[in-house]
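Here the structure comes first, spelled out in structure tokens, and everything after it is commentary.
As written, the chain order gives the labels A, B, C, D and E, with residue 1 at the start of each chain.
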Amino acid sequence: MQFLQLVISGIAQGCIYGLIALGFVLIYKATETVSFAQGELMMLGAFAGLAALATLGLPFWLAVPAAIAGMAVFGVLLERIVIRPILGQPAFSIVMLTIGIGYVARGTITMIPSIGTETHTLAVPYKDMVWNAGGLVIAVEHVVVIAATAALCALLYAAFRYSKVGIAMQAASQNQLAAYYMGIPVRRLNGLVWGLASAVAAIAGLLLAPITFVHANMGLIGLKAFPAAVVGGFGSLPGAIVGGLVIGVVESLSGFYLPEGFKDIAAYIVVLAMLVVMPNGLFGERLRKKV
Amino acid sequence: MRFLFKTSYEQDIRLARHGGHVFWYSLLAAALIAAPWAASEYLLAQMTQMLIYGVVGLGLMLLAGFTGLFSIGHAAFFGVGAYTQAVLTNAGWPFPAAMAVAAALSALVGVVVGLPALRVKGIYLGIATLAFGFIVEEGFARWEKVTGGNAGLTVGAPKAFGWAADTGTSFYFVCLATAVLATLACLNLLRSPTGRAFVAIRDSEISAQSMGIHLAYYKTLSFALSAALAGLGGALYGHQIRFLSPDQFNIVQSIDLLLMVVIGGLGSLHGAFLGAIFLIGLPQAIGLFKDLLPDAIGQAPGLKAVIYGAVLIAFVLFEPMGLYGRWLKVRTWFQLFPFYRRGMFRRQKSFQKSERLR
Amino acid sequence: QQQGVGKNEILIGTIQDLSGPLAGFGKQARNGMQLRVDELNEQGSIHGRKLKLLVEDDGYDPKKAVLAAQKLVNQDRIFLMAGHLGTAQNMAAMPVQFEKGVVNFMPITAAREMYEPLHKLKYSFAATYYDQMRLALPKLVKDKQARKVCTLYQDDDFGLEVLRGAEAGLKTINMDLAEKTTYKRGATDFSSQVARMKGAGCDFVVLGTIIRETIGTIGEARKTGFSPTFLGSSAAYTDLIHKLGGKAMDGLYATMTVQNPYLDEASQPIRFWANKYKTKFNEDPTVFSVYGYSIVDWFIKAAQKAGPNLTTDSFVKTMDSISFDTDMFGAAPATYGPNKRLGSDLSRLSQIQDGKWKVISDYVKP
Amino acid sequence: MTGVLLSAKDLSVRFGGVLAVNGVSFDVRRGEVFTLIGPNGAGKTTVFNLISRIYQPTSGAIDFEGRPLTTQPPHRIAGLGIARTFQNIELFEHATVLHNLLIGRHTHRATGLWADMLFTPKARAAEIAAREKVERVIDLLDLQHHRDSLVAGLPYGVRKVVELARALCTEPKLLLLDEPSSGLNVEETGDMAFWIQDIQKELGITVLMVEHDMALVSRVSDRVLAMNQGEVLALGTPAEVQAHPGVVEAYLGSADDVATLRREATR
Amino acid sequence: MMAAPATTSAPNGDVPVLRLANVESAYGPVKAIRGVSLQVRRGEIATVLGSNGAGKTTILKTISGILDPLKGTVEFKGEDITARDPADVVRRGLSHVPEGREVFPLLSVRDNLAMGAYTRTDRDAAARDLEAVFAYFPILKEREAQDAGLLSGGQQQMLAISRALMAAPELILLDEPSLGLSPKLTREIFEIVVRINRERGTTILLVEQNANMALNAADYGYVLENGRIVMEDTCAHLREKDDIKEFYLGMKQAGVRGERRWKKKKTWR
């Protein structure tokens, strides 16, 4: 019973990691860069939701799509203004940019008088609701996260696997020059990717807000999502979710059964062990250059 | 304009390629030696810190800039060096001996991290080092007997054989000497087979291998050297900050270190020091600048992060080659003076290619 | 010539986190300090000298704290460092200050290192987390007749102080902690820790937590039907707990030194003060604002007393025979001496009742 | 010209469903130029990759100078005296030509880490010696002009030559050339032929090459092995192999000129 | 013997499909082509000959917008496309077989081909073209699901050509299409090129080291040296020129050769 309860908590937490990891993988698959700003985009998404709910006073079911759409637009603009000018430079430049974007985002939110330095709650209708099934409890907040994560993952997976645009995004990430030769609008797709990634981040932020509250540093949870993405295999969308679950459950169990302190580094031990045993993660492609 | 006529192979491998180099570097050396008398105490303290971070930067540059392995956990090595130094000097060891051990121990830890690095690349390596960084940080916190855990550990001034570097000036010279020696060692490595093997691995593992380069050995070596330099820097850092706590060696520190070399300019040793100047100098510059702003903005919390991030973004956008790239342009401008053309360094369209297959 | 003391100005410095994880607290503390400085400069002076406060931001990073201290001490040449936030940050900055004889005045951290080991230039103001727990815990445990005391604490210097205090306190009543659990700063999930404490059958939980973790833990406990007595330190004594955590937080105990300044506070002077703060900075004051305000207030009192010839020596001499009465926020009376550098080790207990902190005990005396 | 330098026995390798090399055996004699030909995808490059130990054979063995090669780790191959070029050019892009060639001297390094770090007189002497060797290769292959250019900016044909130069710098006993003339025009291919002959005759290096340009193959090869779909089709002198009906059918095609087709199409 | 001269085979010879006027391109400070002017008429096959590093690839890159020229203009179907976004240029009906294959290594062969048809909206016609390229290169159909990066060099080259054909372009730029192909396939490639040109009227600009093949297949040729066009004529005429014979077709007197060889040996010693 105890064990089951722990596993359930682990799954709930794991889905959160997976959801954020989904954003990393999305960007990686489509542009082969790693976005260190994903956590901050999530934070912005949560604040956008807060603004829509509290400041604009929109009803919940309107505020959520508004925040997501707003963040998508923001992502597109962000790409347009700071990422596009160096499109084509080595991926590492863009990684640096995302770190910079992260700083600016966190700083800017902090600067908002009497809001930025505070912690807020997002008034969701299902706040504090709990399902009780035969002694096992699970918060509705977590159920919502799990459901949304599964849906989003399936959707994105299909898009990358079957849609022309999805394939073109991957093509552009593998060989940008050839993508131009094929007439793939690399820039436009890049914008789309960032829009999408921001929207996914916003969804993550909104789902997370009732659980972790809304504050300028909430993006730090992204650091746990990295290991999740790696355990799953960085280029794989389902891998992100599975990786998240693995880490969530391992954390939860090790927090209970192992000595103090293991819970906090369990994720990192798992990822190191993984890299030794399966360097490409659970679902990562086994790449080998043919010469 | 300068033309170089090559008359012997010696000329190619000399560190100073021509008279100009000799002149300018001598001038720099003179300035650095005179600094304690010319600079204010505060400036000297900053210069000391720049030198310390420069040493760490050299190590990271060797790893990221020349071997092409990115580490997001370098603070761990930095911390191992700092703690080792603290423990040993507190136990009465002379500081040069302690520094040697600090470097060696960090190198050893570097070897341990280097092992997974043999199998993974790119982002996977980044995450592996990140994970490793977290684990080491946790280790600092848990191993209370030695590190003092979260309660921290105080470090004294460097002492050896009856002499103590307990003033700003004497400590500055300790750091300067370390930095100069570390730089020379790196320069030597880079003009010899070892350094070339690093570069070969960076550019093409498969053909490096077919040239007889043992990938595992050289990658591990690169990690070890890089970690040793980080440890050396950490040892000095310990003396400088005089109080160590685990959270000083966290992910933020690691990212700062990485930013430092990237902003300095990957693939040049100059970049390590230019990056250190940037990393230490920028917050000070922001501090000065924000006093000029109206209070509503200037005193708002978060401003520093915004400016820091914005400067970083501007750098990547306008100077992807880093500070060293900017310096090259300036230098070329002077060398070519009347003939410099604007298009000379015009950014070409460039195209990203998958690094997953390298 | 004394550094930082001009003909008609005294320069004091502070280092706050204005861009890091504690930017909220840093800003409030700075505002509180600024409020008192402005009050002084509007109403008068310290023996003809106005007060000027220089603020540096260290982003809660010890390395930057060193540089910030170096700037304030060696460049701006401040007279004294007041209210520097953070333990490691203070530890890193103090050597720089002490080299130049700059007093470390009432840092905002309740760690014992702020007055131990004894140093001529160290002054600390409020009960440490250690003392808070050491004194308050046994009393409450006895009141509640708790049998199994457990703890959840943050895995850093702050959490450690709470833990040690709790251990010391329990020792006085011959008890031991039945279960110790930790979390890392920034953690969001406390389910396994709560499960563990529940599994151990704890009926009393000492919280070495700050804000979100306090709420998260109690929330998780309520969800899983675990209802021990919760006791937090003064770090958990903030209005955010009940503002964010809502109803579920009722019943939480916390130790505290100064009272949270609610805008609709019953006490008229606090209400007046709080509204003044709100007008000036356009946000509600918090305990951190009060800390900042009180620190400068005490400095002013001591500097006034030290006389027109203000030097480090004269200031230290004055401080070493000074005592401060309780103020409107209810801080415990504090006394200092050559060998007593902590003003007071006393704290009070309060509890959240109906979504608000209520003071429920007077200073707990050993 | 005595003895067998390299011998492959019954080599096979399978990638998933593709049997890329299937039971291939051949001997390369000391001092000869041995050429592999065959249609695209026949498995020629794969044979090279097996020799340089990038792939592990599914079955079969390779001996070099009488010793088994299949147990050696990949980085030891160069040390044993086998150097190669790559079909798709694998140079160190962000280094100069000179630097690339110096990396080719790696197996001859005489100093260790500490000597390098301190740049001892011995390291200095070794360095100068390495440069002398490299300069000789530069002279041989006419690369003086490109010595200090970054590889990234070189035209395709020059890179091919640089790759050859880099392989030569390892002073191999056996040189594997994967399509040395691709991307070269007629005249440059002629130069390549001379170089290959020089390498064979003057330097006494055995050459194993893959090549599609039959003119070059006929000119320089002592023996030719034709492969198809991973299997050996024919082995013999260039003339013999070119006359083999299976080779004509699968690889050379009928002798019709494009001009013929043109006429038909316009008609 | 050659077929009819180029001009007659071009249906409307007045408006060239492609026109470069005075184009100058550089890589950083290095000028790769200087003042190149050339034109390709509709339905024609044109070829550019030149030795290594002459700048042939640079010309093609400049045309498809991968490189922005310093000077000069590029016109496609009468419209100025100088320094346009490459994607935009392709949309107008130009496709490019790049030097060095440049396939998408981690996409399957089929997805690679689908990317070739990215700009197309006519699904049925694209499906027919897919069948057509599979007929040209049956091996691609066999390896449909394999990652393109794992194909052999020649197979990748086939894929690169097929991918360009999938775009059903009006103008194809071919950069060394025969690179790494077997003699049989090289010939087949040229047959295909000529056939596409004749059957669909696709205009072709061809860069090829195999000058013999190129001059046979093409109508009009340019000779590029050190970034400058030094000669242009119909291919029939070019084939007769001594210089061309000597330098590009390899028909040299033995004496010249011998001398070169002697020189080489000397420097080596």
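To be clear about the criterion, contacts are C-beta pairs under 8 Å (C-beta built on N, C-alpha and C of every residue); 3 or more make two chains touch, one makes a residue touch a chain.
Bear in mind the structure is a predicted one, so any value in this text is a computation, not a measurement.
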item: Winner on C-beta contact pairs when A-E is weighed against A-D; value: A-E
item: From subunit B, the most remote chain by mean C-alpha position; value: E
item: Separation of subunit A from subunit C, taking each centre as the mean of its C-alpha atoms, in whole Å; value: 36
item: Distance between chain centroids, defined by C-alpha means - subunit B, subunit D (Å); value: 41
item: Interchain centroid distance [CA atoms averaged], subunit C/subunit D, Å; value: 73
item: Per-residue overlap in subunit B, given as positions that touch at least 2 other chains; value: 141, 206, 300-305, 349, 351, 354, 356-357
item: Touching two or more other chains - residue numbers and ranges from subunit E; value: 27, 66, 105-106, 149-151
item: Multi-partner residues of subunit D (at least 2 other chains); value: 45, 54, 86-88, 90
item: Touching residues on subunit D, where the partner in the complex is subunit E; value: 15, 18, 38-42, 45, 87-88, 136, 139-140, 142, 153-158, 179, 182-191, 194, 198, 202, 212, 214-215, 250-253, 256-259, 261-263, 265-266
item: Residues of subunit E that touch subunit D when the two form their complex; value: 1-4, 9, 27, 30, 51-53, 57, 99-101, 139, 146, 150-155, 157-158, 176, 179-188, 190-191, 194-195, 198-199, 209, 211-213, 216-217, 247-250, 257, 260-261, 264-265, 267-268
item: Residues of subunit C touching subunit A in the complex; value: 19, 21, 23-24, 27-28, 155, 180-184, 186-189, 191-193, 195-196, 199, 211-212, 215-216, 219, 223-225, 240, 244, 246, 248, 281-284
item: Residues of subunit D touching subunit B in the complex; value: 52, 54, 73-79, 83-84, 86, 90-95, 99, 102-107, 109, 111, 113, 115-119, 123-124, 127-128, 130-132, 135, 166, 170
item: Of all residues in subunit C, those that touch subunit B in their complex; value: 18-19, 23-24, 26-27, 30, 55-57, 59, 61-64, 66-68, 70-71, 74-75, 87-88, 91-92, 95, 113, 155-157, 159-160, 185
